[in-house]
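The same chain A turns up in both complexes below, where it pairs with chain B and then with chain C.
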Partner chain A sequence: MSQPLSLLRMLQCADSAFPSGAFAFSSGLEQLALDGQVRDAADVRQALEDQIFPRWVSFDRVFLRQAHGAADSPEALLALDLQCHLQSGADRLAQASRRVGRSLLSVHGRIGTPHVAAYRAALARAGRGDSGGYEPVVQGAIGAGLGLSPAETETGALHAVVMAFLSAAVRLGRAGAIETQALLAALLPAMARALDAPVAARAGAFSPLAEIAAQRRAETHANLFAT
Partner chain B sequence: MAPGISLAPQVAARLAFSVSAGRSYLARQFTPHPFHITRPYHDPGDPAGMATLYLQSSSGGIYGGDDLGLSVTLDPGAQVHLTTQASTVVHDARGGPAARQEVRLEVGAGGWLEYCPDPAILMAGAALDNRVSATLAEGAVLILSDAQLCHDPAGAGRGFDRLDSELRIAGPEGARLIDRFDLRGTDWTARTGGYGCSGLTLVAGGAAQAGPAMIAALDARPDVYAGLSLLGDRDLAIVRFLTRDGVSLSHALRESWAAARRALSGRAPPPRRK
Partner chain C sequence: MNRPLSASDLSRPGPARIGIGGPVGSGKTALIEALMPLFRKRGIEVAVVTNDLVTKEDARRLQASGLIDPERVLAVEAGACPHTVIREDPTLNIAAAEDLETRYPELDLIIIESGGDNLASTFSLDLVDWWMFVIDVGQGDDIPRKRGPGILQSDLLVLNKLDLAPHVFVDGPATLAEAEAVRAGRPVIGTVCKGPAQQGLDAVADRIERDLLFRDVPA
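Right after this comes the complex of A and B.
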C-alpha cells in the first residue's frame, strides 16, 4: 500500500470523530482530579508521562504488536485476548478496554475491515462476547486488516490514548485547549522515541496510582466519564 | 556468566498441612537454611482448627544471588494462617545477580489459606525476581497479601535496582489472574505518584463478600489511598493501596486481611503478635 493511503487510513481510525467510544473514558483522570492528585496542566502532563504512557508502552503495545502479527488467525487472536483478560486485574480499566475494543469491532465490521468478521465470530463461538474483545488485540487485528504496518498501527493507537486523556483533561477543567496542544507538542518526541524502541518481550504494567484512581470512581456520583 | 543471572541451585522449603479430628496441623516440613519456622499454634479466636505458622529467616533477609523456593500444600479442608515475624529485607545486590524468590501455594478442596507475609523492604540497589503462584481446588479460599516499600539507609535518594514480580492465581477451571510487572527502582516514585509504599490484598473464593468489606476498612483510613477491583467472573477481589510510610502500609495489610476474614467467617480475627 502507498504510504499516503496507509497514513490516511490510520488518521481515520485515530480521529476523535471515529465512533470508538474511547473518549468516554478518562483512564482514572476524573478520579485523580476529584482526589486532588491532578490539579492543573502540569499535573496532567505528569500523570500522562508517569502513568498512562508507560502503561500503554509496557502492556497495550505488546498485545497490539502480537495481534498485528496474528491477525489472520482468529484462534491466535482469541488466545491473545484471553491472555490480556488474565493480565487485566483492574476491573474498571478492563471494562473500558473491552467496551472500546467491541465498539471498534462493531464499526469495522460494518465498514468491512478484513479480519474483523472472522474475529467477532470466533469471540462469539468461544462465549467471550462479554468478557473478551480487549482494545489492543482488536487494534492490532484492525491495523493489519487495513494494511497498516505495525509501526503505523502503534502510532495511531498511542495517539488515540494520549488524545483521549488530554480531551478528558480539558473537559474536566484541568487544562485549557491551547495548553493541551502545547503539552502534546512537548510530548511528541518522547512518544516517537518510545515507538522507535523495541517492543517488550512480555506484557506487564505497574501503574498503581492510575489503577487505584479508576477503581475508586464511585458509582453513585454524577461522573463525566466511565473510568 | 551473564551479569544478573545466578546459577546457584534453588534452596527449596516445603510445608504440608493436613487435618485430623478437625484440627489442621503441619504434617511434613523441610526448611533448609535460611528458612526457619515457629511451632504452629491454634488460636481460639480463629475458625475452629485453623493453624497459624510464622515464617522466619535465619539469614537476615534476601541477598543478591539468593534463589529461594517455598512450597506450601494444604490437604482438603485444612485451614492455615501463614505469616512472617517481620518484614523481609531485600539487600543491595551491588550490581550482581538478582535475588529470586518463588512461592508456590496449593490449597486442597474446601481448604482455607491465608498467606500474609509482611512487606518486602527493597533496599537501595536491591534486585528481586518475585514469583508467587496459588492453585485452588474446588471450594478453596485464599487470602493473600503482597507489599513492598523502598528504603535507602544512606538517605541519598538511591532506589532499588529492579523488581520483577509475577503473581499467578489458578482455580480448578484453570488460570484466573496473572499480575506481572518489571519495574526499575528509578521509576518507583513516578508510578506510585510519590507514595513510598505499595501493596495489595487478594481474596479468591467469596470475593463478593470480602471485596466490599476490605475497601470499606481501607476507605476509613485517611492515610491509605486504595481501590477495589472486583472480578466477579473469576471470584477474585483485589484491593490495591498506596501509603506514605511503612506504619500505614502495615495498617492497610492488617485491616484488609481482618476485614476479609470477618466477611468470610463472620468473626474478626485475633491480632497476630509480632
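Right after this comes the complex of A and C.
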C-alpha cells in the first residue's frame, strides 16, 4: 500500500475525533491527582514516563504486535485476548481496556474494517462479550485490517495512549493544554526510540502506582473518569 | 480497503433506541420513572442506560425504584462533558446498548438518558433512533424562545413540571404554545411526572409506541 494512504488511515484512527470511548479513562491519573501524587505538569510527565509509557511498551505492544500477525484468524485473536485477560492483574485497567477495545470493534464494525466482523462474531460465540475485547488485540487486528504495517499500528496506538493520559491531565487541571503539547514534544524522541526497539518476547507489566491508583478509585467520590 | 457504507450496514435489527436529553434537574429520570408503569401495562420490554456526569446516581435511583429489574439498568460514567458521550463519541453508550440487547433479546426499547446538560445538547443518530428533550417551567418561560438545538431538533419536546408553573410565575399554556410555534409543528407535550395529578404521560408513551414501535395507536 502507498505510504500516504496508510498514513492517512493511521491518522484517521489516531485522531481525537475518531470515536473510541478512550476519553472516559485516565489510567489512574484521577486518583493520583486526588491523592496529591500528581500535582503539576512535571508530575504528569513523571507518571507518564514511569508508569504509563513502560506499561504500554512491555505489555500492550506485545499483544498488539501478535494480534497484527494473527489478524486473519479469529481463533488466534481469541487466544491472545484470553492471554491478555489472564495477565491483566489490575481489574479496573483491564475493564477500561475491554471497554475501549469493544468500542473500537463497534465503530470499525460499522465502517466495515476487515477482520472486525469475524472477530466480533468469535467473541460472541465464545461468550466473551463482557470479558473480552482487550484494546491491544483489537488494535492489532484493526491495524492489519486497514493495511497498516505493524510499526504504523504501534505508532498510532502509542500516540493514543499518551494523548489520552495528557488530555485527562488537562481535564483534571494538572496541566494546561499548551503545557501538555510542550510535554508531548519533549517525549516524542523517547517514544520513537521505544518504537524502534525490538518488541519484547513476552508480555509483562509492572506499573504499581497507576494500577493501585486505578484500583483505589473511590466509588463514593464524584469522578470525572471511569478509571 | 474500507468498503463503502451500504444501506445494510446502517439497518440495525433489535430494540428501538430512544434518547432523553435536557438540562440538569428538568426531570429526565422522573419522566422515565413515570413512563415505566405505562410501558409495563402496554407490554413494552424496556432497558435503560444512564449517563451521569460524575456519579452513578441516576442508575442507582432507577435500580432502587422497583419499577424495573435493576439488571436492566446500566450506568455509563463518562465524566466531564455529557455532549461527548451522546454525540461526538457515543461508542461507550453504543457498547452498553449492545450489551443490553445481547443479554435481553426480548427488549422492545432501550432508553438512553443523557447527563444533565444545556440547551445545545443533541443526540447522535449513530446512537439513537429518536430522541426527546426535556425542559421544565422552573427554568423560566423564555426557554423555548432561546431556541437551542435540543429544543429545535429533538423529535419530541417535553415541557415538564407544569404543575409548578403558577408557583414560579410562568404561564404554562402560553409557554407550551410558544414552544409549539418555535418548533413549527414538531410535537410538544406538557407533563407532570410526580404527584397525584400526573399529566401528559400517556401522550408521550403513545408517541413512542406509534413512532418507534410502529404500533397502531390512535393519534
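Quick notes on this one:
Here is the rule we go by: the second predicted complex is superposed on the first by the 227 of 227 C-alpha atoms of A that agree within 3 Å, B and C clash if a C-alpha of one lies under 4 Å from a C-alpha of the other, contacts with A are read in each partner's own complex, and residues count from 1 in each chain.
Note that contacts are C-beta pairs under 8 Å (C-beta built on N, C-alpha and C of every residue); 3 or more make two chains touch, one makes a residue touch a chain.
Just so it is clear, the structure is predicted and the values come from calculations on it, not from any experiment.
Because the two structures share chain A, they can be overlaid on it, and in that overlay chain B and chain C fit beside each other without clashing. In the superposed model, A:Q139 lies in contact with neither chain B nor chain C.
By the document's definition of touching, of the two partners only chain C reaches A:S106; chain B does not.
Using the contact criterion defined above for the overlaid structures, shared-chain residue A:D50 touches chain B, although it does not reach chain C.
Of the two partner chains placed by the overlay, only chain C lies in contact with A:A124; chain B stays clear of it. Once chain A of one complex is fitted onto chain A of the other, the partner contacts of A:L86 are limited to chain B, with no touch recorded for chain C. Once the two complexes are overlaid on the shared chain, A:T153 sits clear of chain B and of chain C alike. Seen from the CA centre of chain A, the centres of chain B and chain C span an angle of about 110°, rounded to a multiple of 10.
In the superposition on chain A, A:S97 makes contact with neither chain B nor chain C. Of the two partner chains, chain B is the only one touched by A:E211; chain C is not. Figure legend note: chain B and chain C, brought together by superposition on chain A, show a least Cα distance of 17 Å. Interface of chain A with chain C (complex): residues 1, 9, 17, 19-21, 23-24, 99, 102-104, 106-107, 110-114, 124, 129-130, 145-147, 171, 222-226. Interface of chain A with chain B (complex): residues 35, 37, 46, 49-51, 54, 58, 83, 86-87, 89-92, 131, 202-209, 211-216.
For chain B in complex with chain A, the residues that touch the partner chain are 165, 175-183, 187, 190-193, 195, 198, 225-231, 233, 236, 238, 240-242. Those residues of chain C that touch chain A in the complex are listed here as 1-5, 9, 53-55, 76-80, 84-85, 88-92, 94-95, 98-99, 102, 126.
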